[in-house]
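Read the structure below first, then the notes.
Here the chain labels run A, B, C, D, E, F, G and H in written order, and each chain numbers its own residues starting at 1.
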Amino acid sequence: MNRTVLESLLEDLGAGRITAAAAFVRLRDFPVEDLGFAQVDHHRAIRQDHPEVVLCEHKAVEHVLAICQRLHAAHGSFLGTRASPEQAEAVVARYPATRWDPLGRTLYHPPSVPPTPRGRPVAIVTAGTSDLPVANEAATVAEAWGARVERITDVGVAGLHRVLAASDQLRRAGAIIVVAGMEGALPSVVGGLVDCPVIAVPTSVGCGASFGGLAALLGMLNSCAAGVTVVNIDNGFGAAVAAARIVARTGE
Amino acid sequence: MNRTVLESLLEDLGAGRITAAAAFVRLRDFPVEDLGFAQVDHHRAIRQDHPEVVLCEHKAVEHVLAICQRLHAAHGSFLGTRASPEQAEAVVARYPATRWDPLGRTLYHPPSVPPTPRGRPVAIVTAGTSDLPVANEAATVAEAWGARVERITDVGVAGLHRVLAASDQLRRAGAIIVVAGMEGALPSVVGGLVDCPVIAVPTSVGCGASFGGLAALLGMLNSCAAGVTVVNIDNGFGAAVAAARIVARTGE
Amino acid sequence: MNRTVLESLLEDLGAGRITAAAAFVRLRDFPVEDLGFAQVDHHRAIRQDHPEVVLCEHKAVEHVLAICQRLHAAHGSFLGTRASPEQAEAVVARYPATRWDPLGRTLYHPPSVPPTPRGRPVAIVTAGTSDLPVANEAATVAEAWGARVERITDVGVAGLHRVLAASDQLRRAGAIIVVAGMEGALPSVVGGLVDCPVIAVPTSVGCGASFGGLAALLGMLNSCAAGVTVVNIDNGFGAAVAAARIVARTGE
Amino acid sequence: MNRTVLESLLEDLGAGRITAAAAFVRLRDFPVEDLGFAQVDHHRAIRQDHPEVVLCEHKAVEHVLAICQRLHAAHGSFLGTRASPEQAEAVVARYPATRWDPLGRTLYHPPSVPPTPRGRPVAIVTAGTSDLPVANEAATVAEAWGARVERITDVGVAGLHRVLAASDQLRRAGAIIVVAGMEGALPSVVGGLVDCPVIAVPTSVGCGASFGGLAALLGMLNSCAAGVTVVNIDNGFGAAVAAARIVARTGE
Amino acid sequence: MNRTVLESLLEDLGAGRITAAAAFVRLRDFPVEDLGFAQVDHHRAIRQDHPEVVLCEHKAVEHVLAICQRLHAAHGSFLGTRASPEQAEAVVARYPATRWDPLGRTLYHPPSVPPTPRGRPVAIVTAGTSDLPVANEAATVAEAWGARVERITDVGVAGLHRVLAASDQLRRAGAIIVVAGMEGALPSVVGGLVDCPVIAVPTSVGCGASFGGLAALLGMLNSCAAGVTVVNIDNGFGAAVAAARIVARTGE
Amino acid sequence: MNRTVLESLLEDLGAGRITAAAAFVRLRDFPVEDLGFAQVDHHRAIRQDHPEVVLCEHKAVEHVLAICQRLHAAHGSFLGTRASPEQAEAVVARYPATRWDPLGRTLYHPPSVPPTPRGRPVAIVTAGTSDLPVANEAATVAEAWGARVERITDVGVAGLHRVLAASDQLRRAGAIIVVAGMEGALPSVVGGLVDCPVIAVPTSVGCGASFGGLAALLGMLNSCAAGVTVVNIDNGFGAAVAAARIVARTGE
Amino acid sequence: MNRTVLESLLEDLGAGRITAAAAFVRLRDFPVEDLGFAQVDHHRAIRQDHPEVVLCEHKAVEHVLAICQRLHAAHGSFLGTRASPEQAEAVVARYPATRWDPLGRTLYHPPSVPPTPRGRPVAIVTAGTSDLPVANEAATVAEAWGARVERITDVGVAGLHRVLAASDQLRRAGAIIVVAGMEGALPSVVGGLVDCPVIAVPTSVGCGASFGGLAALLGMLNSCAAGVTVVNIDNGFGAAVAAARIVARTGE
Amino acid sequence: MNRTVLESLLEDLGAGRITAAAAFVRLRDFPVEDLGFAQVDHHRAIRQDHPEVVLCEHKAVEHVLAICQRLHAAHGSFLGTRASPEQAEAVVARYPATRWDPLGRTLYHPPSVPPTPRGRPVAIVTAGTSDLPVANEAATVAEAWGARVERITDVGVAGLHRVLAASDQLRRAGAIIVVAGMEGALPSVVGGLVDCPVIAVPTSVGCGASFGGLAALLGMLNSCAAGVTVVNIDNGFGAAVAAARIVARTGE
């Protein structure tokens, strides 16, 4: 139940088009539905125009399924991240329309009327093939948030001609997500080529002194290119939400 | 010399309205002007729609002055960050129209025709009074980049009624910069209230285990609110550039 | 054998109600019983009014069982934390009255006459569902120490209305344990709402730059709310002991 | 204006004993008084039974003075921590009843009717003479919060007979603050002797691998004694608030 | 072949009691025997009075066996640390006189004439039962180096009466090894009671912010007791060698 | 296709010895061949005189195989590092001429005409037997890059006579790779003996406070011997490329 | 008052050679003398055969002077470390027999009858000239503790012939203190040459990634030479106490 | 006295062209001259073809002067790094031919016959103007070691056209030193353009999470470009020695 739906519900009630009892049924779990082990924040769809997303990691299969059921009942769609194959199997069995991406570990059940993509595209750029899982997560989330996504793959800075060849595509984007591990230098190079916001995602790809992505994270935070912001290591989800919000308000 | 100026220069030349010699004079230091100790990247105004900014820290007074002169000659304006009082005195003496903010440590010489503010406002929120220097730097930079700025001051999470009282103002913003030290919790709270992009700036304010802003930085990177991105500790400049780019493309 | 029991034993002996031989049998392992691989500190019940607790982690099953037997013989009850299913199975088989909580990993055999809950309640608040194991450990320990426990679940700061809705319940508590991972912001928010002691427990829940709970730990140590104290990562046990001692001396 | 004062003000107004205009004058800056550079949270005295405390560090002398004036006007008292000699001089000149402790760096102006000490004493224990500044800060704050304070000085663990000699005094306390640098072992020893809550304050005293108090902080977080909670490095203020809240509800 | 053996071999040769050919056979792998994958340093027994010790970890079973064979051939004994059960099984099958300690993970084949224990005893003190594996390693190594070992177990600082009860035994020692995890406070307490050298061994026992023994290591390095030296985390071997060398030169 | 091959291809085309169509076939994937999941940088062989190397870690078996096929087609050889046995099995099955080193985890398919070793030898020195995997990786890579390799094994600084015995061999080298874990002292000792460049490779071998090779890395970065440079932990590959480039230009 | 003095005092009293009143005067501050700001542990001279040492750092000049006076009155000597020139001036003015070493920052007033050096010498070895302050502190302390000291200076591992030239001198020592900064490799080299205990002192000498001595500390903790123990960064005092205790019990 | 000089001295003596007494005078301080506070390693010029370099930091002015005098007497030249203005003044006063670079902090007295530059040039590349001090140190040292130096300044990755414009110059170099702070991305970009060895020098330039150069150091260690090796933060000296050794053996 997002803002539009709530507004029309209230208008219908005010205009006598529906009864108070009918409105009650639709609103009784609003704004928070208590499942005992969790409180599902249905109000978020009003406050932030998108229902709560299920972080599946560390949750029991039955808990994931229960939360998806509540979200589906309230909003007709749901989105889960960091899902395991077991969780995916259970959710897909119950909701066959769910899209399961084993690489990006996302579970996405689109609404019956998918959102019309808004604004300029979000470009998702990766430095190497090992960064693909994070890029996949970001792509699914951005699309669920109503963004158009374009992918530019394997253009790390040790072979600059690859990223330079993509300059025009980069300059058309409304926001750019740059996913990179190791030294995390790609966002600085991309950030120097464009004038739209760049969101850097460090990945845990690397060996030795990469310290699980810390080297890339520090590199990106210290980027010499202005306008680069950073999210947590491997956090494709967070980058995608930020990027989708940016492009939602841009023209084409 | 930004994109518009370059285009009209080339049109004038193409149409015979100016001579090649005149065009040469204006273009001879384009795209890069070599000062010996530095290469001023005039091309940046074309590529990224804003001239290079002078990071004054660690630079000699005469170097700061020299770079400002070159930027003034080429663009009619300049912007310096992390300036010392000595640097400020020298620059203001030469260019009295320069605005010196000793708290935010910025030196801003606006162009003769200041940019018309574009898009929805950038809200700059601080958790405590010690965060004001970073907020001031961000405000000056965002305005230089053409954004309208609104300030919300001293609304840390230990007194929630202060930030809740600002909810409406926050929801009108096109992008929000949240400046906080210590545990850095304010971006999560703000990020849960709004649906626009939130940029978190950790500050080095704190004692003991704040480790010069590391605690706030880690807190912000791990924010449970979606859509929060982070910049380096005390980096009001970077947050402002990102925010200004976001709102530049929004409607009112 | 706690303080009360020892005092009455000594009074009985002084009054001739029991023989010295009988007293000897009860006191022979006092204050420390040497099991070869461990020294069970029975004196602790006198000194600190609660018998030693068994940290089961890293101990062999037979060692856990042996220590529980000695504690049961001396005090009629025992409490184990961080127990594995194998350890639990062995202990429950021997002492069927033992309560095994597989989520919180506690093994609790209450005394035949359970302690009467004392003082105002201990509120245990969690930010997310992944924090439940630590909250469960804390709840069992606090109850074993004689406290009344109330639970407030899944009220993270990204949806403030959830924690604000619990304000009255929080203000009735004699001590509050706040369990949170990720950025660990919830204790600051709770600490700003109440005037009783708040004990923050960082959890190892999180990804990337949470560094196994370090981000939450640092956030809590730097809390801007006065009166917040902190325990080790995932240390529900320690928080519960501190909270139970606080409320033990309060009125209702 | 604390809870009692507000209640009687409202009763007076309801009973016609004062005019609405008079009430307005006293309430016009309630709950938050905006000084431009800061928002003074007068509501805190209602919510948490003690006015806001001024963290003087990083504040201009005139700002400290201005905030103290507002607090004095509203509550008849104020408390500042981490004050510099310059700040102290200005405040004492204006309010000669202010107590300035240059070692603990506190500025305390007691109310005209000082609080009657409540509950069992707070014991403040230091490991070495270098820990005295933090202990002084804690003592002033605890007394301002209405606690009785007892001091036990220079009883580090390398000479155990010193702390053992203080056992009886420790056991009479309602809460114990243990201040220690270097390896931070004293809280574990004290925590094994008593059954009241122990709050450990690591100090930045030490050399080399003490890393500014990090070694002591980690040691205290890993204390093998149950019921020890920890505050930030050198944070005597936070420990005192927690301790004062604990004893406020105990009987003698 | 230690110093004594080499001297008598050379004397025998000088006196004509053995032939040069016989001496050659015994000396041909002196000082270094090259196994291709390793160079066995037989000279160490001359230089440092004890043959090389085999660190079994990360070595293939056949490599461990091969090195033990070379050491046995040259010295009639060998000592391995950090051995796996598979390595132990292979070595014991070949040399049934080998002593395998699965807790301490040592493989010790004593020489046919074991060393007569020299000097005052080495006391090995542990804080908790989880420290036993490290203490066992230290005990075996110290005995192999010719020291008499005494064990004092489970005397952590949260129950001081346990370590105080061992004061006399501690004061008789020629060197003391203190093994402790968590906050690592025991060496400071022991170091304050005695006047012989104390060697502290931090263990990786602990949770959360113990960071795999780092907290204990830092605590021990910052010990306020003079005369405490420290070895690497879990390094019972190194502590034992240092302690054995200390007592080797003391009288009884 | 390296520089020589490209030059002769262009000469053939310019001289009419081949048709444009034939040239096209050979050049159509130049400079970058897009496999969808990866962009193979064939231009690197021109730019840097050696084809791209496959970092097999984190790649699917079929992706490794596909990239090797493209490299084989373009260059007649390939080199993979950090390969798993499964990856090796698949590649060797397809290209039986591939050399698989399970210890060093390299997969090397030499060109039909192997490069003639150039310049003075590269010496690869290891401190202990646990450093062999990294040394093996370095040896294979250096040979693939056209260097002659000499090995000096197990000469750690605790037995100095071993490394001193190798002095002459070290002084003949054109570049030296020193592989060491634990305290990483060997590069300083070697660096003090020679006047050629020394490249230090820290390994993750060690226990406790080695922190996965961090101690060795820091030691090497702080080497008191001039002319020592360092690569990432366990990065035998990077050290070998640097060393091979150094010797490629030296005489014998 | 050390052990011998106390024993003869008690014998005199028992034999009637002195009066109880006279004994009282000498014992009234035994075992602990309370100065208000500090508790001087006179019992330490009994327990550990050496009076308490004054860590002058962070103490006021008058406090240092007061403690020295008490120690002089009780023991006829005193030893201060980390003294400032101001502290030194005050103490030397009062006790002209005090020896002030401005490099090592020690203040030593020897007893009227200096201790006869006992046992084999303590060798103090430094890697570079910047390590001299720590070595000086160690030398003064070791001599105050009754040890004979020999110095070996500037023998870092980048010029091995220097330390090898000192081999014989090293082998005569009863204990060796090795002081080194940067990579801290010297203790491993020395530890491989001798069979006596080696105590490593990391110094804060270095640049960049030495991190104030952390690199040297980690290197020494990971030393591949057995029998090396470590003290805190720059802690010449602690190393000297340990070394003096070791040699005190050795023969010549 | 380098290798050539020593050889001719010995030939002269062997051929009777000089007397043994004359040879003695020249050799009496060979290989090590003991100044009491330091041992000057004159043998280094033989072993490594360049005299010892004076690290002036932390040395007294008179010590620096004394060592320079000894080096001048033995070799006719000297080189000091990290010199203070006071040290420089004293040395220049005594040896007016000394070149003092206050930015790079080097003191260089060239030999009367300067070395003929050997091999291909060393390119020294800087990312920003703040990196100039380190680049200057590197340039002086490389020239003292006999290399030709070329400088490429202020070509950070946020303006790629600057470094791309220098491609040809980079490709002519025999070795490249890349000096960069902040995120340290420039070595990866340069390393992807060339086929000669690249030595990366992280600088301590930066703010916040650059942590004194740690971010740049980690970035460079994790460089995705093969053949990049790294030296310590701000260590222009070490990079120059390595680079000079590399080019010394290359042809033009």
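What we mean here is this: a contact is a pair of C-beta atoms (placed from the backbone, for glycine too) under 8 Å apart; a residue touches a chain by one contact, two chains touch by 3 or more.
Since this is a predicted model, take the numbers as computed values, not measurements.
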Other chains in touch with both subunit D and subunit G: E
Does A-B or B-D have the larger number of C-beta pairs in contact? A-B
When subunit G meets its copy subunit H, do both sides use mostly the same residue numbers (more than half shared) or mostly different ones? different
Which chain lies the greatest distance away from subunit B when centres are computed from Cα atoms alone? E
Check A-H, G-H or A-B against D-G and flag the pair whose interface repeats it, over half of the contact pairs matching by residue number. G-H
Between subunit C and subunit D, what distance separates the C-alpha centroids? Give it in angstrom. 27
Chain centre separation in whole Å, for subunit F relative to subunit D (CA means): 61
Provide the C-alpha centroid distance between subunit E and subunit H, rounded to the nearest whole angstrom. 45
Multi-partner residues of subunit E (each touching 2 or more other chains): 159, 192-193, 208-210, 214, 217, 221-223, 226, 232
Pairwise, the chains that touch are A-B, A-C, A-F, A-H, B-C, B-D, B-H, C-D, C-E, D-E, D-G, E-F, E-G, F-G, F-H, G-H
Looking at the complex, which residues from subunit H come into contact with subunit A? 127-128, 156-160, 164, 182-185, 188-189, 191-193, 206, 208-211, 214-216, 218-226
Along subunit G, where are the residues that touch subunit D in the complex? 31-32, 36-39, 41, 43-44, 57-59, 63, 82, 202, 204, 212-214, 217, 232-235
Taking the touch rule as given, give the residues of subunit G at its contact with subunit E in the complex, in rising order. 47-50, 53, 120, 174, 192-197, 199, 217, 221-223, 226-232, 237-239, 241-242, 245-246, 249-251
Within the complex, which stretch of subunit G touches subunit H? 129-130, 132, 153-155, 159, 161-162, 165, 205, 207-210
